[in-house]
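Have a look at this one.
Chain nomenclature is as follows: A, B and C, assigned in order of appearance, with residue numbering initiated at 1 for each chain independently.
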Amino acid sequence: MNLWMRMLWALVAVVAAGSSAPANAQTVLRDDRGTIHRFDAPPQRIVSLLPSLTETICALGACSRLVGTDRFSNSPESVRGLPKLGGLEDAQVERIVALRPDVVLAAKSARVIDRLESLGLHVVVVESQTHADVKRTASLLAQLIGAPPEADRLWDAIERDMRRAAARVPVYLRGQRVYFEVSSAPYAAGASSFIGETLARLGMGNVVPPEMGPFPKLNPEYVVRAQPDIVMAPRRDVEAMAKRPGWQTLRALRGRSCGFDTERYELLIRPGPRMGEAALAMADCLASMKEMR
Amino acid sequence: MNELSARSLQVSLGGRLVLRDVSCTFKKGWTAVVGPNGAGKSTLLRALAGLQPRAAGSVCLDGRDIAAFNPGERARRIAWLAQQAEVTGELTARETVHLGRLPHLGLFGSPTAADETIVDAAMNSTECHGWQCRRLHELSGGERQRVMLARALATQAPILLLDEPTTHLDPPHQVALARLFRRLADTHTVVSVLHDLTLALHADRILVMRVGAVQACGKHDDPALHQALVATFDGAVRIDNRGARPMAVPHLED
Amino acid sequence: MSVAPASTHVASHDAHDDRTRRRRLVLALMVLAIALSVAGLVVGSQGWSWQAFVSDVSGPQADLIVGQIRAPRTLGALMIGALLGLAGAVAQGLFRNPLADPYLLGSAAGASFAVVLVLAASTLTGHAISLATAALLSRIGIVAAAFAGALVGVLLTLMLARGAQQGVRLLLAGVVVGVVLGAAGDLVTTISPDALRGKQVFMLGSTGFLGWSSVWVLLAGLAIALPITCRLARVLDALSLGDDTAASLGLPLPRIRLALVVLMALCTGLAVSQSGLVAFVGLVAPHLVRRYAPAPHSYTLAASAGMGGVLLLAADVLARGLIAPQELPVGVLTAVLGGGYLLWLLHRRRVG
């Protein structure tokens, strides 16, 4: 071949290579298991098996792409009408598959992950336990739906709410030690849990130090000794607390307690995009406490 | 006195009629109840003890229907020995025999020295006193049976209904028990289900049963009884009258 | 009938030997109870530290920490364990089954269903129950609900089995009631998920919140149940010979079985209403007694109560002390302690 023909073929080759460039639009992400997922196009049909992930998807503006959720997802309102596919332990595999999702979002402890993957579905596993997790999850999911800037927008909104909440906390309560009871065993939210982190952002202390882990099961005596300044718990538990032996001495139960109703309590214990709202709820309760002399 | 009678007794178990129109009376003395497997012997004894609900007919103790007695009184008059001891628990032999005093002590009475003497006597009469501190479930079948018989004797009931009391015993003990029944027959009403026909022929009276009905009832030297025995067992036995007492011998020829 | 080895070759159990073992067990249980009670006062959210105890006792909070928290918790654990041990011994004697436990006749299922109803009362309003019923349920409280639920569960079992005539029918009815009430409870928690937390706490069992009011109630219950049950010890002995033999000894079986079932229900209901469903104590305490000191029920019933009390108290002290100020679930420790000791006893028997 002469030189002109060789250059022509090279040109053709380059153009051909150039026209398959759309391969760069493929989304590649690594979930919390370390599994690499490749999506040719952002998923349009999403199933979420964890309430916080449902909320995150909706907060990122992709609510319309949800085709099914787990039974506990109830926020925002619009997801309540979606098919409910069981919980993490008893997800209805058949129904999930029948919905033909492009991706299924789940937590690490879900039993169905292997099953769904063997049926050919993409399962993106996300672990969301701390503030840092929430931020990372938001950016992961934003990348998944093909709208990375949304994650930053979401996180900025959360941060804004956090700062507003911190500002709302009365000065005379700053630094006081909070006992946050998660369940009546009693399980408490320690300083290393995401609830603890939120409290720290609000400028509050915690009777449970970080070395005891995120959600330790406490000896009730510990709480009595610690004499928390403020008590936060589900409303029913707060009302019953004074009857616990020795707990009648807790000063916090006289005017320095926050008893949250079911809906608000659910908001507080979900590490997700509504963390800012949760912080505001806590701050509102604190703001209602009068100064004691 | 101490007369136990059944009149037109009918009992069904699981839909099947096990006892059909059985009538018999038991007075003082030793009656042996014999018959092939499934003849209803155990069921008859249970019905007589008041432990088996009946479909028709009646069981009367001294003329009164047995259901009219309260359980404690009935237990003081009638002692019943089960065919198989279904034993659980950790009782020793002596503690088991002691339970025989329950009809007299009730739930709350405290045992006295007299009770202990009675228990000793009962254990001695069935020769199980030697291992009174051993647990029931550690004993062999025969040993356990002698303990349970002692339990029945300890109630001092005038009527003894014993379901296969000798089945697991070796010959010396079978003989000893037969002698015991003979002694008791002077003062008690003893009704025992026996498989050993020769032993049964030592009783005062023999009741022959087959398929839920009484075939014959008579004394040991009654020829009609012998005929009934041979017929009931389908010729598998024959009665040998040559000795002082008739013997039942397995018919092995041809 | 199985044929055991001939009597002459087996080592004989002297009457003296038996009596010695029984005395030793009683002594051991008393010593353990006292030692563990002291431990129960010393061990708290600061673990096993003796200095901490001394400073607690001499400090201003002595009455609060030791008197109002540790002391009633210790006594309460002892008595709950005793109630469960007693009920377990009755269950095993009544059903002549070494695997029987006091939760068999629907008491556990009834109690947890009642607890779930109370927890879900506010959510169920409008769906399944009226506002008035919901208000009533909320006022009742967990403790009363659990007690009532346990009794109702047993009542349902008795109704289903049409009285206490036959042991097998009673057991089957208990299983059915347990399954049905369990499913009903699951249904309620599906409708009202926030009841799930409280239900899990109840099902795990906990001695954490026993106060003096609980102690008085438990003491009263034990003071009534223990003597009455021990009086019926002879019945359980007679039952071990077989139903028919027991009946032939003059016992009015249906009535007596009913009385025993009711006693069992009361003991179990009282225990679970205060501490939730603590596992294993009722099952294993009678076994431990029987393995070491076999005896008629007049001894075994009371000894099982003592053994159950000691077992639960030991588990409670360890639960508090091992990872202080955190606590282990007491049910895990009762399983480890009771099961471990039983295994050791079995091993010793085989070797020795």
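In this text, a residue touches a chain if its C-beta (ideal position, glycine included) is under 8 Å from a C-beta of that chain, and two chains touch if they have at least 3 such contacts.
As the structure is a computational prediction, the values presented were derived from the model and not from experiment.
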| item | value |
| --- | --- |
| Interchain contact steps from chain A to chain B (minimum; 1 if touching) | 2 |
| From chain B, the most remote chain by mean C-alpha position | A |
| Distance between the centres, which are taken as Cα means, of chain B and chain A, whole angstrom | 78 |
| Chain centre separation (chain A, chain C; CA means) in Å | 41 |
| Averaged-CA centre spacing for the pair chain C and chain B, given as whole angstrom | 43 |
| Sequence positions of chain A contacting 2 or more other chains | none |
| Multi-partner residues of chain C (at least 2 other chains) | none |
| Residues of chain B touching chain C in the complex | 46, 49, 51, 71-76, 78-80, 82, 84-92, 95-96, 99-100, 102-103, 105, 107-108, 131-135, 137-141, 143-144, 148, 151, 155, 168 |
| In the complex with chain A, residue positions of chain C that touch it | 44-45, 61, 64-65, 68-70, 72-73, 119, 122-123, 141, 190, 193-194, 197-198, 200-201, 204, 206, 208-212, 320, 324-329 |
| Touch list for chain C against partner chain B, complex | 1-7, 10, 12-15, 18, 93, 96, 231-232, 234-235, 237-238, 240-242, 244-245, 247-252, 290, 294-296, 300 |
| Interface residues, chain A side, partner chain C - complex | 71-72, 183-186, 212-213, 216-222, 224-225, 234, 236, 240, 243-246, 249, 262, 265-266 |
